[in-house]
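Look for chain A in each of the two complexes below; its partner is chain B in the first and chain C in the second.
After this line comes the complex of A and B, so read on.
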């Protein structure tokens, strides 16, 4: 009886979550295929979006900026967190707190302050965006990775690798990243999705990326802008699907 | 045996205000198995980790023959290590785990797979080479860890309590296996444990540590029979502590006058340290020193536990045949069959 009840509770929770996430998306999709004042449904908004001359340019621009953000995040966070967990466990609390700062610092203050701290090579070029996106996504990326590193006997594994002859770089690439691949992929997905959709900071710094372009074209064709947004949802979905496929289930866990 | 292969001199290490290692020195000969034994927190694991390069010493030097390892990072020291916790890489198969050290040394794939199978064969696990660590028992995992640590032919094998997470039977088998492998491969080994039986049974020499210092390093026989101080006498093996009276260089206990080994103790009431095998019992009704309270049958020998009139417990180790007459309640006279004893102020 209790088993049936718990299964029912699970179904109710899953259905509620499904409605919570799918209903807005379904509504957005329905909106995106409307024919406007003519009435009826078609994919003409999608065709309009694809035919827009700047669509590919801004989509690719945001894609490589987000990819660069992911690379910076992984190159900074994975070695740093591994090193802190292994050698300076006492400072974890401080790092934990520091990682939350991007959530509490107003974006205007952050944009000006962080920009000043950037190296001259990237300052005032579009390459400053990945560094700033990295900081903005830090609270989420840090936690996703931290959970993964806490779930394994990190210190012992690192020491086993080092005493077997692996330097820090090889320890991280051949041992830590493969073992924590679920956490690493979650970090990748979160960072990529957050960077891809970042708007406020980009506008404040007077750069144009895909989200700012969508806002611009929305003034001309609102339904077309929604169609574009629907298309951009596919990328995070593909990432999440990749994580699900690459995450070992309890049955086939290696 | 020339003891100048591994030379550790004056190592000190503090963690905050806690002194983990205090002027620790040690020399190990090539092919020797030396165990560091001591209570929790005595610094034995810190000493091992400093030798491995996993911690940086505050002062002191580490030499391997003429090579100064003091500032060399762990991955360049060529020392294999087996840890207390299971440390196999969960994403690699058993064979890949064993071959890991060779892969880091850029040995070609076919050679490292061949070597991994050789090592797995040595530890009796070649049939498990395609499995993943979580499919093995704890004992098997530690065997694989041992194979991994030996695969790249380390100059020193470091064992940090590798048996402590295993059950008694597996522990006993694996420690014999470690000794067999160490002797057959001739690998110089530094072993850390808090288990006396483990230390005494497989080591060429045992170093007893206390409060960050090496108190004594000797063969298991010498350590047991000739402890240099009261701490070692108490820590290694079972030791009786009975009250006696010291006068000059002798001490009176159970009516006998015995020579005092350590002379820094003042005259008067002292504690006398006597091994159970040197305590002899004689049944008597008059003039008894103690009463038998129990007898533990241990096979060929038995331990007879007596209580002195002042309440002190004394253990006597006798052959089981001889101990049969000492049933609980029997009153006994005690004789000490030893010429020289350690004493301390009581």
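After this line comes the complex of A and C, so read on.
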């Protein structure tokens, strides 16, 4: 009896969430495949979007900018956090605190500051974006890596590697990164997703990436913009869901 | 490079390096810190410091607080009020159902269910912004499925000139990243509720409601409050969604700052936008700093 009742509460919650999330999504999808005045359904808005030259251009641009952000994040944070966990320096508390600071600053205010302060040499190159994205994802990336490194006996491993003659670079690439790959992967996914979807800072600094291009498209073809939006919501969700369902569950997961 | 590092390794093991050509070991130990400090300082601390400094400058570059005087008068005070109201309401409306959903998903959901929901939450909370705005333009537009369906059952959304570019329209859309965000940040608190506590309570004769009143809710409350504060900060400073929904003509502080930055809106004071930004930082800090402090406390209890 109570078993049925406890399952019932879960079903009610799942159904409410399902209606809440899927109803507008389904409605928007239905709208995006309407055939206009002729009636019926077709994928013509999706085909239009994919065939747009700019679609590929901006998708690729967002992709490499996000990849670069990931590279910067890993190159800065992996050595930094390894060093922190091995030597436990007195500045640790400060660095932990600093890493959380971007959470306090609204992105709009940060954009005004960046626009105001960064020299023109920096502002004139799109390469400023990966560094700014690095700042925006820092609170999450730092924490994800920190938790991963805390879970392993890092000091012992590093001492073992170093006394076996490995230098620091070798210690990081062949010992630390492989053993913390779950945390590193989580950091990569998080940083990548955040940079890929970043809109506010990008548009306020007058750069064009995939998300800002969509708002531009909307001005000439709203249905096309809706189709692209549906793709950017549904495709990552399906990918993420597939990846997480295929990953075997760890022992401490119920 | 590797040679230098080997050297410092030897120094650690008790044989001090005497070769003068290598970098001083004390300096060497701080090398991992250097890139972080440089990037963080140049791309974050410096812009924010400049923002605060310039917000106190007049058009003639003399010290003034007149930017702040303007920031707190019409129409900018209305922008702050709307932003705070939107932050509070969207946080409240996302936090309560989000907490309940997180509870049932964590306690009763299978691993698979939780993972699918987590994937959905991640996409909506992190990349939601602009796509969400267009999703609702389609779903609640004048010919959208939901509008037509509601009309069919007798509710005419557009009878009272409903528009997504109004306070309540924006509020609805915000819930679609606030509720997922709540599930993400509140779920860890649910997992930290130990089964043993409930068993201990019931062994001592506590009823279900007594357990919740004296054990469950007091333990969850700090995390709930912290999550609420984070949701407030996220709703208060959100820009993307509302910019896409309203084409920037809605009295909210982030949009007003955006307008000033773009030069779409002209102000007699050049540095008004900076003052608005600083006030936003202060309001946001009032929520995020307590959030961080509570989180740290909670982590100490539960680890």
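The rule is simple: the second predicted complex is superposed on the first by the 171 of 254 C-alpha atoms of A that agree within 3 Å, B and C clash if a C-alpha of one lies under 4 Å from a C-alpha of the other, contacts with A are read in each partner's own complex, and residues count from 1 in each chain.
Just so it is clear, contacts are C-beta pairs under 8 Å (C-beta built on N, C-alpha and C of every residue); 3 or more make two chains touch, one makes a residue touch a chain.
Keep in mind the model is a prediction, meaning the values are calculated, not measured.
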item: Which of chain B and chain C A:161 touches, first, second, both or neither; value: first
item: Partner chain(s) touched by A:79 [first = chain B, second = chain C, both, neither]; value: second
item: Chain B versus chain C as contact partner of A:91, first or second or both or neither; value: second
item: Touched partner set for A:109, first chain B, second chain C, both or neither; value: second
item: Touched partner set for A:21, first chain B, second chain C, both or neither; value: second
item: Greater chain A contact set [chain C / chain B]; value: C
item: First, second, both or neither for A:153, with chain B first and chain C second; value: first
item: Touched partner set for A:178, first chain B, second chain C, both or neither; value: first
item: Shared chain A surface residues [contacts with chain B and with chain C]; value: 162-163, 167, 253-254
item: Chain A contact footprint on chain B (complex, rising order); value: 52-54, 73-81, 83, 85-91, 100-101, 103-105, 132, 134, 145, 148-149, 152, 158
item: Interfacial residue positions of chain C with respect to chain A in the complex; value: 1-2, 5-6, 9, 13, 29, 32-33, 35-36, 39-40, 43-44, 46-51, 54, 97, 100-101, 104-105, 108-109, 111-113, 115-120, 122-124, 126-141, 143-146, 176, 179, 233, 236-237, 239-240, 243-244, 253-254, 257-258, 261-262, 273-274, 277-278, 280-281, 284-285, 288-289, 292
item: Interfacial residue positions of chain A with respect to chain B in the complex; value: 152-153, 156-157, 159-167, 170, 174-175, 178-179, 253-254
item: Contact set on chain A toward chain C in their complex; value: 6-7, 9-10, 13-14, 16-17, 20-21, 23-28, 30-32, 72, 75-77, 79-80, 82-83, 87, 91, 95, 98, 100-118, 128, 131-132, 134-135, 138, 162-163, 167-169, 190, 193-194, 196-197, 199-200, 203-204, 211, 214-215, 218, 222, 225-226, 228-230, 232-233, 236-237, 240-241, 244-245, 249, 253-254
